[in-house]
Every structure is written in C-alpha cells, then in structure tokens.
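Look at the two complexes coming up: subunit A is in both, with subunit B in one and subunit C in the other.
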Partner chain A sequence: MSELENKTEHGSVDGATEGAAEDPKNDTGLGLGVIFFIVAFLICFLSGWLLFPKLLYSKHEQPFNFDHALHVQETGDCESCHFLRDDGTFSGIPKMASCLDCHTDEPMGETRDEAIFASEYVAKEREVPWYVYAKQPDCVFFSHAAHIEAAGMDCVTCHGHIGESTTSRPYEENRLTGYSRDIWGKNIWGIKKNSWDRMKMDDCAVCHKEETGHQGYCFQCHK
Partner chain B sequence: MIQDKKAHKYGMVIDLDKCTGCGSCTVSCMSENNIPFKEDESDKKDSITWMRVYKLTNGKSFPDTQITYLPRPCQHCGGKGDHGHSPCVSVCPATATDYGYDTGIVSQIYTRCFGCRYCMVSCPYHARYFNWWDPIWPEGMEKYLSPNVSPRMRGVVEKCSFCYHRYQLAREKAYYDGTHEIAEDAYQTACTTACPAGAIIFGDLNNPSHKVHQIVKPDPHPDPLNRDVVGKSRNPKVFRLLERLGTNPKVYYMSEREWVRKLGDNYLDGEWEKVKNHYGAASHE
Partner chain C sequence: MKVDRRSFLGLGLGAVAGIAISPVGAKLTDDSSIWTQNWPWTPVPPDGKISYDHSVCSLCPGTCGITVRKIDGRPVKIEGRDTYPVNNGGACLHGIAGLQYLYDPCRVTTPLKKINDRFEPISWKEAIALAAGHLGRIRKNDQAHTLACITDTDQGSVAGLFSHFMTAFGSPNHFVMPTLESWLALTAQTLHGKGYTLGFDLENADFILSFGAGILEGWGSPVACFKANSSRKQRKAKLYQIEHRLSTTAAAADRWIPVTPGTEADLAMAMCGVLLTENLFDSEFAAGFKGGFNRFNAMVQQKYPVEKVAAATGISAADIKKIAIAFARAKMPVAIPGKGRGDGAQSLKEFAAVHTLNCLTGNVNKKGGTFIKPVHDYLAFPDPVLDTAAKDGFGKAKLGASVQEMVTNINQSADPLVTALFVYNANPCYTLNDPSQTRAAFEKIPFVVSFSSFMDETAMASDLILPVSTFLERLEDVPSRAGLANSVVGLTRPVLDPVFDTRSAGDTVIQLAKTLGGDMARSFAWNNYRACLEDVAAGVWEDLSGNGYALLAEGPPTDSVETSFAFLSDNPQTIYPQGDYALTLVPIDNMRLPGTVPAASPFAIKTVSDRVLKGKDVCVEINPDTANGLTDGGFATLTTPTGSARVRVNFNEGIMPGVIGMVKGLGHTFDNKYVAGKGVNIHELISPVIEPGSGLDAACGTTAAISKA
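Right after this comes the complex of A and B.
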C-alpha cells in the first residue's frame, strides 16, 4: 500500500479527533437548520408569489361598471364604438359623443351603473374617465390600421374575449412604472397561455418575426 | 434586414441661398417634438436644438463680406458605403439607436438609452443632445405637448428624427386607404412645412418623382475618389457636410456661391481646387 492509500483508508489524524469530540448521532443542529431553511424559503417564496404582486400593483375601480356583452348584443359588433377614423387613427375608448348616439340623460335600463352614467356624465356633459387596460407606455406607437386593415387581424388576438365580459374588472397599475398590469400580464412569472395574456415588446416582436420575417426596426413601434 | 424592394431613403435638401436665418425651422421643430428648454436659455452649451441654425461668413471685410445661414438637423447618416453603419449607431452599447433600412432614418429610443453619450462623441455634426434635467414645462404648457412624440427624461440623448411620427401617421392613413403608398406631401417634416422661404425640401431620395431626388440627382455608384462615399450629388450646386468622411448624410445643402460650398468641409491648401468640379462618378464618365 502506498502512503496515500493508507491515509484515505484510515482518514487523516485531525479528522479522527474531530469526530470523536462530538457524538455523531447528535444532529439536532442540522435538523433545525433544514427546518429553518424550509420555513424561510416558504416565507420568501409565498411573499414573492402572493404578496409582491399586491404590493406592486395599485387597484383602481372603473368609474362605473360597463357591460360589454350587453352592448355587443345591442350594437352588433366592436366597430360600432371602437372604429378607425378617416385619417387612419383609431378611436380607442369612445368619447361621449359616440355614447350619445343611443343614450340620453334618461337611463334606458334599470341598472345602477347606467343611472350613474346618465346623471354624473351625460347630464353634466363630462367625459367618462375610463382606465384603459390595454394602454401601452408613452414611448410606444401602435397602429390599429396596420393590424386590422393591412394584416387582417381580429380584435380577440390581442384583446381577448373582452366583448363577452359583463363586468369591468379593476384596473391595476404598476406602482413603479405606472403601466397597466395587462402589459406584463396577470401571471407574475410571465407565463403566457393565450395570445392576449401579455403585451410586452417581446410579444410584439415574436409575432412580427413570424408574420413579416423581421421583428422590425426600433422606430416601427417607438416614438 | 427587411428585404423591401421599395425601400425609402428619406432625405432633405436645404437651399442656403433661400435661407434667411429666421429660425422658423428651429421653433417649429421644438414645438412639434416637445423639446424641453431651460428657465435660462442664455447658456447655449446645454441647450437642446434638434434643428440648429449656424451662421457662416466668407471672412472678408466690408464691403465684400457675405453671410449665410445653415440649418442643421440630424444628418441621418448611412455610414460608410451607405450600408447603415452610421457613426452613432455603430457605437451605441445599448442598441438605443438603429438604422431603419426601410426608411433610411436613424432612430433614437429614449427608454432604451442609458445616457453614456458615446453617440454624441461619435457624431461629426453635433446633432445629438443630452438631457441634463427632466423637462419642466411652464404651468399649462404641458397641455400643448404633441401626443405623438414621447417626451424625454433626464439622462438620455435625443436628436432629430425627421419627424418620424408624421411618417407613422402617414403610413397609418395609407393602410386605412388601402393604398400602401405614401405620397410626397403626406409625409413632410415640421421644419419643411414651417420654412417661409421654402428653403427646405424633403422627400424620398430613392423616388425619381420626388423633388429631392430631382434636385440632388444622387449618384448610386460609389465615388471613384473615395469608395466609402455613395449618393454624392450630381448637381454641381449641391454638397453635403464633411462628405469625405464617408458618413453619407441624407441632408444635402445647395448654394450658388462657391465659398459656401467650400465651407461644407475642411480643405487643406489646394484641395478645394481639385475637388470643386467633381460631382461623383458622373464627372468621370
């Protein structure tokens, strides 16, 4: 046997004395350490998973509830209120003038929300200060005409089935950036199941690359 | 690279003989593009002027003295050989500025810029400006800001974009109309439309029906004296600033006066005489 093999077999002299100093079966220190690690991990994990999104986003209720499903049923389609103007720009959230095509300051239905609309906004000739879920940051230029007219896309691809909703969910604003939560998406991990779950720059770029073969130059979407 | 056969190459010709130095271009540019200003604008060192008017003189004393004014927007350089390798684009470590091969316009993305100012150093035309402060608008004035141009924040670089938002809107209109073509008058920069003397002409240098193309007559072949230079004007009155650097600006200047054309570059003794009658490959034919 070589000197080296001798050493490995019997362990080093130092190691032997160390092992003898403590009872090898007494591992409560290790157990407590593991428990502490698991508990701390769970606290951090859960606070990150559950608490952080609540801290990050502030919630705003819409001025009053808007029933998309009812309006689609009455008017027929999205374009009745959300339309392209003659100069190619998109009307986005309709102004009061569009609402007044049908509404007056007398409510047509019996909901409390319409009563608020009629008394607070129509009667006082004020625009409704809606929060816009799909609002992109200020530096973004988005052309609805390019996507609807040139690419022939439908509303659902980016906006989801909002036309079937009967209630307005609270608007969530990122406290740090001021952006709508819909940009990052509801899922805090950024996991995307539907094409409308998230609308970050990467999501635009992925689709552009697939459809046009190029993700585009900066100024295609920035201003 | 988008392979578009009908790629545009937007450019400008500025007739220095028509320019009176009134500064309308600067003012219209500032209001169009939400350019911030300081409470005290007397210190011009850190003023932001996307479109800046320089005063040139022939250096002679009265009665032979002559003066001309030279408006200077971003030159939207195509870089050596006009391949999109602009000085600023090639140095930006953040890809906050890129060359649009579809329009020939050099972008600047404020949210991506982190303010290292390398591009300002690389720009031979001093066309780039740094925001030392957050913009502060006098009360009520923020309501007059253009919604089509994003205001900048402290710590980023900005520059002329050839009013790119106007191109975006013109393209949007073209999509809506189903034409997919942008007419010459559908996309014009703010300075062009504001100039009372009509000294600024803007359009697509690649489109022979556009006025800029007809005036500049850009030479598609590399300059035989300097292969890096492409698009040299075949019009003897037209020149570009520091043309021999090979930055290939898309802003051309025009003057009848030889001393003005000579001020477009720094010539050593005798150099001007050799090149003054050289109009690109055409003059070698």
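Right after this comes the complex of A and C.
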C-alpha cells in the first residue's frame, strides 16, 4: 500500500498517535503543563509584588537626619520654616539663609547630624541638598497659597504627620520617571488609606470634586 | 513525564497570569506615560524666590527700560518695564532674548592676547600692563596723536571716559561709528548749529512722511516706534512710506510710494521746492531762517524742478506735488529721514533735505512735530590734566571726519598714521562698507585693543581683547539717543555678577590710566567706574539710582533756534549707486537681524523667515519682471563692482523692478554655530563713497548684476 493510500484510509499515522496521547487516562503532558503554570505564576506573582517595587525605586539617604518634631517644638509651627513669601509663592524647603536665623556654624546640639550640618554646610556656606519627598514635576503648577490661605487646608492633609517625625526616612526615587515615591504612594497598587498617602492628579481631582463640585480643568495645573 | 509544548504553554500562561494580578502592568503603564511627558534629559530650572530688577537694555540705541525676573538671584526672563518713558512696558525680540548673550558661545571669557595669530588667555594684571606698556612707549616717543579710538557712540559716561582718556593722552582721533543718532546730530549741527540733535514726536504727529525709515524694522527706538505706529490708526494719523520695496513699514502705511534707490534726497529737495512755490511754508518759523534761504529757494527751483525729479525718482510729478501739499497742509506733519534703521551709510544731504521739509512746515518744537533738542549735558567730566605730550598731541589734525575716512587714510599712507587703536562696542571690520579695507587698515596698526564682550570680526582682528561685561552684568548710564521726542537717561544695572572674568569698560579705562601714571593717573582720580559715574552724573544720580532713570527733557523744547540753509544752498552732490551694472543692490534692514553689535542671538536668528535665510543661504529679493532666466528659490551669482556672492533668489513683486534687496546682519565669520556662517555680509559687496560735506560714507547701495549660478 502506498503512503498516500495509507493516509487516505487511516488518516495520518501521527494523528493516530496524537489521539492516543490525548486520552485523559494517559495525560502526563497536561499534568506537567499545570505544574509549569503554577511555578511560573508564583514566580511572576511574587516578583511583581515583592521584587518589582525594589527594582523600580532607588533609595537615597538624606544628607543628614532631620528632626522635624524637635524643630516644631522649638519654633512652634510649620510656617516658621515653610512659609508663603510676600508675593504668594511658597518657600518650600528652607534655604540656608532661613536656617541661619537660628543656627550658626557652631552646633546647637550634640548629635552627629547637627555636627554635619554645622561643619559641612554652614561653615562651607553650602545649601543642604535635601531630597524633597513631595516634589511635584515641572509640568505641574501648584499654589500653596490657594490651598492654605483660600481653602484653609492644613499641612497634614497632603503631607501627613511629617512634622512629628524625629528621623528622616530614605527618599525613594522612581528609576523610570524620576518622581518621588510619595507621589504614587507607598502602596504599590496605589491604594490609600489616608489623604496624604498619595499625591497623584487623581487625588487632586477627587478632593476638588468634593470641595468645589468640579474636578478642575487641565490648564489650572498644567499651564 | 514529558516536557512538550503544553508545558511551555503552561509556563507562559502562568507568567502572564502572575504578572496580570501583580501591580507591574498598571504601574509600568502609568510610569511610562509620565516618562514620555517629562523627558529626564530635559533641563528643569530650579525653583526659588522670585525677584525683579529694573534696568535698561543697551543692546541697541533704543534704550528700553527692562524688568529682569530672577529666581533665587538667577535671571530667568526679561520683560519691558512698565511706565518707563521710552517703551512703557514693551520689549522687542532681542531684548527678551537678552539672557542668551550671557552664555553666548562667542563670549570672550577672559583677557586674551594674540600670539602668532592665536589668542592666549592672560590675567587682567598682565593685560593692563601690556596695554599700558604699549601706550607708555607711544607717549614717550611723542606719538600720542597716533592713538585712535572707535566707540559706538559719544553719549554716556563710558564713551565720555574714552573721550577723556584720549584728551588726557593727547590724541584728537576719537571716532564714533555712524548711527542714526550721529546722523541726526550732524543734521542738526549743519542746519541749526553745534550742540543740537533731532527728535520726532511720532506719538502725536498726524502725518508721518517717512523717507525709507523702517519704523517697524528697528529705526530709532524700536519699541517706541512700534507703539507710535500702533496708536496711529486710533489717532487717524497717516503714514506715507517712500521706499524702493514693500517693507513691513510700507505694508503698514496708508500709502507706499516706491522710489528709485538713491534719489530720496532729490525727492525731498523737489518737495521743498513745491512748498516754496505753493507758498505753503510757515512764514513765522521762516523768520528764524538765516544763511542762504533765498539762495536755497532759487537753487531748489532751478536744480530740482518736479518734472526732472519725477523722471529720476520714478514718482510722477503730480504725485510729488500732491504728497508735498498733503504733508504741508497736515496739522502736525513730521518728515523722518534715515533709510532702514538709519545707521551705517546714509547721506547728510538726504537728512538735511528731509529735515528742511520739517522746518518749512513750521511744525518744529511743537507737539506732534520735530524737536530740535539740545544734546544731553547731564555729565560733568572734570577737565583732564594735560601734560606737554597731551597738549602737543591733541593739537594735531584729526585723521578724518569718520571711521571710514580714517581707514582710507591709513590704507593710503605709507607712514604709520595710527600706532594703537581702541575699539569699544563696535564692529567696524563687519559693519563698514567693504570691510576688507578696514581689516587691511587694522593689519597696518601695530596694536589694536578690543573692548568687546564677544569674539566678533573686529575682536578677531585685534591684538589684545579686554573683555567687557554684558549689559546684564555692568553698571552704565544709557542716554536715549535715537530720535526720541523725550530726553531720558536710564541706568543699566548689574542684575547678576559677571558670569566670566569680564569687567566694565569704564573700570578698565580707569585702571589703564592709573597704570600709565603721571598726569594720566591724575586725570582719572576715581577709584572705580561706579565712583566716576556718581561723580560725573551727580546732578541726576539721585533719580538714576532711585528710579532707574532721569527725565532730562519732556515735551517740545522751548529754545528758539535758527536755521541755516548754507549747506543745502551749495547743492551738495547726491551720491547715487556706483558702478556700471544695470541693476541696483540695496541693503534691507530686518527687525530680526541686528546689523551692528552684538550680532543676533540664537533665538532671534531662528525667527528669520526662510524667504530671507534658507538654511545657510541668503535669499535676495528681486522683482519677477527683472529676473531674466532666474528661478524662484534657485541659486544665482550676484556681482557688484566690489565682489560677488552665491545667493538664492526670492521673487518678490513688492520690490521695484531693477532693484535687488539683500538683508543686513548675515555672513558673520566668527565661531558661533547658531549665528555665523549663514548667508553673506552685504557690506562685502558695497564700496564706501565718502560724501562731500559730511566726510561720511554715503554708499547705501551699489549697481549689480545677477545671473543663474
């Protein structure tokens, strides 16, 4: 019988073999596939949750530790250092000139951080290159005056209880965007429990919708 | 168990499922979109405290008040200063791009000394000692008069310091580059006597007869002119533009009157004749006429009959009469001279003839008219201490009436007429007609000192460069000097510390004099330039340092002036385009391209149309009727008696047939990839022609031929 006749009469020889393999009673291939599926699933799932955030963010320590709680206690409030200028712009992180209102190149305390500040920055007349946790990108216009003065909001609503911290946590920078992790939030899914957990555009829009009845227009912030 | 394709399918599906319910996908999608909107390599200027400094822009003679916005002391933006009496909040494209000059790739960053045709950096101490050594030897050899000096103006304390230095040194050879201001002062001096200049109240005039003045192309104080033109429609004031091409100004005018290039002076003379014939001149003002009025009247009637001038200018006799009569009958007419920006090669005859039209109407020293103003005298320099060398040298004859004449004399003389030369804020090796002559003269001068902020053509031709801080880094008084009605002096103030190792020219001159010692040092007793300015401008210093400006004179002058027709009565020769070619090449002033110092900023040159500069090729305008065998956009060879150049052709029905227009301000040869190496310097194609009577170059065009390349 020719090969062609064989195929015509019985179909493909390979096909007959494959049919035997698909017999559920003899399905070893499927079992291995399930194992592979589970292994790959677990590796990728765990990597996505545990390894991915570590790879996505780089960590930087601040130049030296800063005790917010102590400074609030000494100065009385946030506005002594983080103030609105006369023209309504926000001073942000204080410049050295503000620090020198109280400090000199002689350490005021006995901590190692105070010594670093005095010797490396005050004495050398250098600005402290702080990492700014809440820094918004350049394409965003944000007026502190409108929120603090006009809307009467307090610092905690957006910045949390940083004023009560005694140490500076590491600054985490998104390797892709260059943004601080505080913008997306600590939770890698972006889930937040408190108003200060995230500082994304959607968070602005939600609050604006609640407070003003409208989420706002693009050009209000993206000028 | 066997690993088959189902196993791999399971592996892939497992990986996809694992990632899908992890945050990777959502987070990376969000981050990727952010990344594309904030490219990490795009520089983001640091945030900081905002402050504003008031100063005065001195990039051009416009002298606009500016406000510099700074972030933590770093200047980030220049805006027009509100309520400043020149520009009232307005600013031009060069002013707003002024910050680019701070970091210009051509900036001279430290004193430079030329050694074997290469510049080597040296310290300020060495540079001053080098210059003082040369100058000391010149004085010692009784050759003080062979020091020459070229400045961009003779107004203001820095120009005054150079003048003071030249006098104390013992040289009469201080020359000023030809500017609108110098032409107006020369015109006023010729018709009304020394110590006067002209201003034009364009903001209030109801009829502006412009003889090619580029009101929208940088003539006078550009922003003030823009504002005067903007308000013209509301005021129902008319603008007639007499020009060979449909310029921006002509396009904005109520009437464009095409005129054959070079015949504008004849046209103004013929119009004077019409006013005199029709008895339309102001008899009251004419009572102040002296010196040859009747002779002038007779000469005009005889030499400039309307029909003859009509043939030369290409404007019909009827039109000439009609325009002259409309001008004379206007309530507040003003005729303004100065083709294009009004600087460089112009004609005293043309300026005088146009201003005579103003005098004949009698709308002089009145609102909406022409102001014959006393030259600012707010500076009081002490008399220099003159030793024998100074007295001897200063008494010698000057080497000509203009920079151009000095250049010609140096080139023609076998003797070294000039042994040392100062050049401050001027680029004669680029801006004078046929600059190869200037460069040749510079090569004959043993010691050329450039006081320049930028490595331009003249700095490259010098032996020593003493770098000057830019207008944003230095202190200087800046008097208004460009045909403005009001007389204002502003204060240019440093808005930041010098970016490089540069100094104010005033400080350098004082230091140089002190190093020379003797009576030179005694003539410069000030510790520094600031002390000098406070001293010599003491009368206005309070206003200057407080307001940032002092208003010297506002409104029409009250002086009664006499008018002399002696110069025009002699019928000085009109300078027509030279050569035997059939066409006429004329320069075009373009607001976007400065013609003098400094050259265009990178920002400004990017705004130039590709009908003017296409790639690295300059486009010349030509009427399609004249363009035999040429194609629009194609290459052509432009030939003049002085040289030739490869250009592109730009067909433009808005230019008179027979005329070729080429923009000024291109063809720079210094090392700046943004500005230099683009187009052709039109001055390389035009030879200077000294005008009898003024001693200044009056070649504002030349004959030319053009053929397909």
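Assume the second predicted complex is superposed on the first by the 190 of 223 C-alpha atoms of A that agree within 3 Å, B and C clash if a C-alpha of one lies under 4 Å from a C-alpha of the other, contacts with A are read in each partner's own complex, and residues count from 1 in each chain.
We take it that contacts are C-beta pairs under 8 Å (C-beta built on N, C-alpha and C of every residue); 3 or more make two chains touch, one makes a residue touch a chain.
Note that the coordinates shown come from a computational prediction; the quantities given were computed from them, not determined experimentally.
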For A:141, decide between first (touching subunit B), second (touching subunit C), both and neither.
first
Between subunit B (first) and subunit C (second), which, if any, makes contact with A:214: first, second, both or neither?
first
After superposing on the shared chain, does subunit C or subunit B touch more subunit A residues?
C
Once chain A of both complexes is superposed, is A:40 in touch with subunit B (first), subunit C (second), both, or neither?
second
For A:188 in the superposed arrangement: first (subunit B), second (subunit C), both or neither?
second
Given the touch rule stated above, what does A:32 touch, subunit B (first), subunit C (second), both, or neither?
second
Could you tell me if A:87 is touching subunit B, subunit C, both of them or neither one (first, second, both, neither)?
both
Overlap of the subunit B and subunit C footprints on subunit A, listed as residue numbers:
87, 89, 137-139
In their complex, what parts of subunit A are in touch with subunit B?
84, 86-89, 137-139, 141, 143, 145-146, 149-150, 212-214, 216-220, 222-223
Can you list the residues on subunit B that touch subunit A in the complex?
1-2, 95, 97-103, 105, 107, 109-112, 148-151, 161, 164-165, 168-169, 171-178, 180
Interface with subunit A, subunit C side, in the complex: residues 1-4, 6-19, 21-24, 26-28, 30-32, 34-35, 37-38, 40, 44, 47-50, 72
Under the touch definition given earlier, write down the residues of subunit A that touch subunit C in their complex.
28-49, 52-53, 56, 85, 87, 89, 91-92, 95, 137-139, 174, 176-179, 184, 188-190
